[in-house]
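Note that the chains take the letters A, B, C and D in the order they are written out, and that residue 1 is the start of every chain.
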Amino acid sequence: MNFPEAINDAMKIAMSIDKKVICYGLGVDDPKRIFGTTKRLKERFGPERVFDVPTSENALVGIGTGLALGGYKPVFVSQRFDFILLAIDQIVNAAAKWFYMFGSKNNIPFVIRLIVGRGWGQGPTHSQSYHAWFANVPGLKVVMPSSPKNAKGLLLSSIFDKNPVIFVENRWLYNINEKVPTGDFRVPIGKASVIQEGKDITIISNSFMTVEAKRALKFLNDKKISCELIDLHTVRPVDWETIYRSVNKTGRLIAIDSSSHNLSIASEIITRVIDKCWTKLKNKPVKMGLPDHIQPTSFALTKNFYPDYISIIKEISSLLNISLEWKKLQEKQETPHDIPGTWFKGPF
Amino acid sequence: MNFPEAINDAMKIAMSIDKKVICYGLGVDDPKRIFGTTKRLKERFGPERVFDVPTSENALVGIGTGLALGGYKPVFVSQRFDFILLAIDQIVNAAAKWFYMFGSKNNIPFVIRLIVGRGWGQGPTHSQSYHAWFANVPGLKVVMPSSPKNAKGLLLSSIFDKNPVIFVENRWLYNINEKVPTGDFRVPIGKASVIQEGKDITIISNSFMTVEAKRALKFLNDKKISCELIDLHTVRPVDWETIYRSVNKTGRLIAIDSSSHNLSIASEIITRVIDKCWTKLKNKPVKMGLPDHIQPTSFALTKNFYPDYISIIKEISSLLNISLEWKKLQEKQETPHDIPGTWFKGPF
Amino acid sequence: MKNVIDYYKKIYYVMKRIRLVEEEISKNYKHQKMRCPTHLSIGQELVGGLISLFLKKNDFAISTHRAHAHYLGKGGDLKALISELYGKITGCSKGRGGSMHLIDKKVSFMGSTAIVGSNIPIGVGLALSIKFDKSNKISCIFLGDGSIEEGVFFESVNFTAVKPTPTLFICENNNYSVYTPIHLRQPSDRKIYEMVESLGVKSFLADSRDINDTIIKFKKAVKFVRENKQPVFFEITTYRWKEHCGPNEDDHLKYRSEKELSEWKKADPLKEIEKVLLKNHLLTNIQIKKITHKIKDEIAKAFDYAEKSEFPKFNSVNIDEYAN
Amino acid sequence: MKNVIDYYKKIYYVMKRIRLVEEEISKNYKHQKMRCPTHLSIGQELVGGLISLFLKKNDFAISTHRAHAHYLGKGGDLKALISELYGKITGCSKGRGGSMHLIDKKVSFMGSTAIVGSNIPIGVGLALSIKFDKSNKISCIFLGDGSIEEGVFFESVNFTAVKPTPTLFICENNNYSVYTPIHLRQPSDRKIYEMVESLGVKSFLADSRDINDTIIKFKKAVKFVRENKQPVFFEITTYRWKEHCGPNEDDHLKYRSEKELSEWKKADPLKEIEKVLLKNHLLTNIQIKKITHKIKDEIAKAFDYAEKSEFPKFNSVNIDEYAN
């Protein structure tokens, strides 16, 4: 099952289990069905529960909050993370605060799906991911799946969570296939996943960066470097215990974020690890992420913009002070850097 | 000169020097004149250059960008930082990106003044300061004065800067008085200020937290603890050199932000200090800030919400592992914690 | 006509109660125990009265920074209101929200918010939930003339014009947003209700000084929304007597003319209703005294209750920020 | 009438050039050298033609994701456009912006943005700068029927209704926002231009299939803005032939009927203008061939130029992100 199918599966299950689940957003019932993620929902659950909308992001988020107050469990979809910047007020000043600000009397079960663009010249305003902002907003949960399987499980948990959840989907995850459990399968929010145990170094990553980290693991395992890879799953709340336990064991940390490294989840992780694992650290922790720079459109300018498995290997090589011949890997790369695979022909 | 007078002075000077400087925002020409900061501007520079507006934050920021493209130097004022969440799209997707995204052909000289509320039950939606978000946006500069003097100098630099500047004013700075240089006095953007040199510990702070840090210094100097206090002035760009130089000297760091400690400027400072000063550190760096929590309204709930000079002394006491008897200081406090002074009678 | 007068007695009581509550808040504010920004509705009580007449307990309501009158008109708990202003644990929002964040679920008062315009789409969402439920409730959104200028107002109106929901927009046009008169914010020759009509939502205009007309129109508006499950925009001209925020007068600021204020005070709907009731022998001066006394007694008890209530305790973990 | 026909020749050339440019982009896109989201204007060229007739070089223009026609109509540099699509340093935005971010300061084309509605207030700001300058320029804002739904559109219109500026809103109503037809986004019985009129801005409606009427009205609209220094909203019904984003047809998706598309194609304004010119002997078939040849030659050169241009280099420090 690929990523959109997993999302679609989760939506179908949620909507079957609970009549209060609603799905709306620009294009949810158009021919493309949000890259297939909302396929057949309208046919199966009716046009009242699955509906297209005007281009009015701020009101649409407010309407979701109102639906939630009225007893529904809305799922709003935005085709790009960048567009939701129009609705920050409704998310931060209303949805996130409602439960606490009104004496914990009414909660807001509300999922906002945000798709992060990447590649093929998405450029300055179609490839941003400000998940770190939302991770700084008390009252929100921020979920970042890294595979079809956890996407399904996390989306089901998000829909049935009693709080507003920002659900961040990287577009490049969409083509990954894996076996996904059938039925109402849930992955808990707030719990990181230890993808591989290891003792030399801890790698913490999220979203598509976990895919790159997994690729790096294949190579590193061959070289007998024992890495512990932790995928965060959720960046608010962060599963600090799992992180501290791992770093206390390995004494080394690379924290990778799938957006700019500046003021990122990776920065916060390092800051807290410093506080909690100070005496156990063998090396200074390292952060990775995109440059603190506006993303350009040109093919030439996005080369090396994203960390990949090679740059991860490179970091590890310098952290452990060993030579891992990552330069050879670079020469082997065939797919252009700005597409997820050669089958991709643009423009979206 | 108090803080609003200093802002007012800077505005008058800028508007006299350059006819292209425009001042607009809800209330800039009303009887209260934004706490006096826009006093007599309309009378002196005319209703075309100083004008009131509809409550339409997003459009107003876009209009500022357009004015800047048309050759003007607009200064937009929002009475609360919280309200600007409605205009994040225009700030982030347009103003911040314009120069780079269009091949560095048109620049946007544009100042957005944001006043951060504090105290007297400002509560969940009237006391937020997401300056860390803006500090994560390439293309923006983010300025945070900490006194009337640097407010004046920084505002003048901001107005004549060629880029969009977010100018963050903490409401509690408004009552501070100090001697302010006359005339066109500028304080450079991107340069931190070393308020006091010292050798035991580096304190880095911004905005009103610098006022608290200064108070702490008085006490600490008496106890012969040699602190170096650095006020950031700007949080994008950050003056990293000054920070690294100081921490390399003292080997100890307390980074204080004037908003939530989570994903804060303080977090980023610690992360980078770890990278650059690793071998010089004598203790683990410490961060301070507001709790990662929605700000409540009730008097009882905001007690201890903000770091103050006592909590700074407390941190230092534990960092240096000495007893500084900060508990006694707490007993001496007379002004209620939610007002800047006993003269304050609410409601704003 | 006789019909309408039947409503006067109930509306009088509700409005009088709102007035006395607001006056008591105003009087006591100086003791510095209500430590939060507070926007009074003195002069604008009619809307509180109207909703007490025509809304049902389970109709949704959602309001703004200036919400006391709506909260009370909808049947919100007085003790919980005053306690909220005092920041006590017995407050309707447990002291966390203050004057600008009121809630009373028992009467479907779903909340009031302090960002201008932010309650509007939420009210439309509530109306959409009613539509999905196929119930015959309605959703009332209170808003001021200033909130009209926020894009989200337009987006919300457009949404319910395309996708009809039982939404009643109640716009109190008091001519000011803080100190800024409406002609600096909206074109002078444009009427709000006419503009909204052209956006595709049926609209009404009423003047709070013409009480009969206002009552009749409001009744009609509510009926239309409930029966047709379609939105209505109801604009009512009104006037705020006190300062924008806080307990005092602000005449010395001269942003509005003395004449304007005094004319509006002269036309006070509350006094007008009282006059009509007296004239029609539906009320006597003795009864007024009794009512006043009864309400004042209730208010005194509410303040006493608030004073005596406990303060909440701050919990440094994010407890109560997330529902489980 | 004769008057209007005088404009046909110039408009024909401009529209033909836009059509051929877009077709060439469409044809070459598959070579995967224009690696960015690209929204073509085939079918909607008339607006490009109109502005070439009536805007002055120093009038400001600001556009959307679908900006090629506006950029060319305003006189933007073709080589710089194609190079921008190729992501080359010779692109109008140095390859940083791609198809959705065009600029040509020489002809006061101030930019185009990819967030729906985001260019609108910026255009009003530009108009305000004209007002302050007391110059007689105007500011043109291109927008689609979808952008009407963004709150910022309403806020911007309200602003210039209160504070008149020389703004010309040009709304290309092509009935779709991506695949969503307008009746799912806006009330069916509401006309955009009428609604905007009721917001306080003078409005026009034109149909791109009625060329004479469109030209006359557009001329009038520009004149009104320039002379009165007041805003005008100009709605023009039009139709996009290709897919929303990308070089291909999208008929197989069936979100619009074959009939609808073929009717619009039949009424192609470009062909219509050609017909009229031929009929009136203002143009011959030989001339058409010549024009086509000339334009194709120019286009070939532009593509060649783009192909041969250098790629920009990424600078890891924030150089070029801040002006000094």
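Note that in this section contacts are C-beta pairs under 8 Å (C-beta built on N, C-alpha and C of every residue); 3 or more make two chains touch, one makes a residue touch a chain.
It should be emphasised that the depicted structure is a prediction, and the values quoted were computed from it without experimental measurement.
Residue-numbered contact pairs of A-D overlap by over half with those of B-C, the repeat interface among B-C, B-D or A-C. Distance from the centre of chain C peaks at D, each centre being the average of the chain's Cα atoms.
The centroid of the Cα atoms in chain A and the matching centroid in chain C are 42 Å apart. Rounded to whole angstrom units, the spacing between the C-alpha centres of chain B and chain C is 36. Mean C-alpha position of chain C lies 46 Å from that of chain D.
Inter-chain spacing, taken between the CA centroids of chain A and chain B, is 31 Å. Multi-chain contact residues of chain A (touching two or more other chains): 53-54, 56, 58-59, 82, 85-86, 89, 93, 100-101, 123-125, 138-139, 292-294, 296.
Within chain D, the positions touching two or more other chains are listed as 91, 93, 95-97, 101, 113, 115, 149-152, 155, 158, 162, 184-186, 318, 321. By the touch criterion stated above, chain D contacts chain A in their complex at residues 29-30, 32, 35-38, 87-88, 91, 93, 95-101, 113-117, 146-147, 149-152, 177-180, 184-186, 245-247, 253-255, 311-314, 316, 318, 321. Per the touch definition, chain D reaches chain C in the complex via residues 149-155, 158, 161-162, 183-187, 189-190, 194-195, 197-200. If you check the complex, the residues on chain D that touch chain B are 60, 62, 91-97, 101, 103, 105, 110-111, 113, 115, 118, 120-130, 132-133, 139, 151-152, 155-156, 158-159, 162-163, 318, 320-324.
Looking at the complex, you find that chain B touches chain A at residues 58, 82, 85-86, 88-89, 92-93, 96-97, 100-101, 123-125, 128, 130, 132-133, 135-136, 138-139, 260, 262-268, 270-271, 274-275, 278, 284-287, 292-294, 296. Contacts from chain A toward chain D in the complex involve residues 26-27, 30-32, 52-59, 82-83, 85-86, 120-126, 291-294, 296-305, 338, 345-348.
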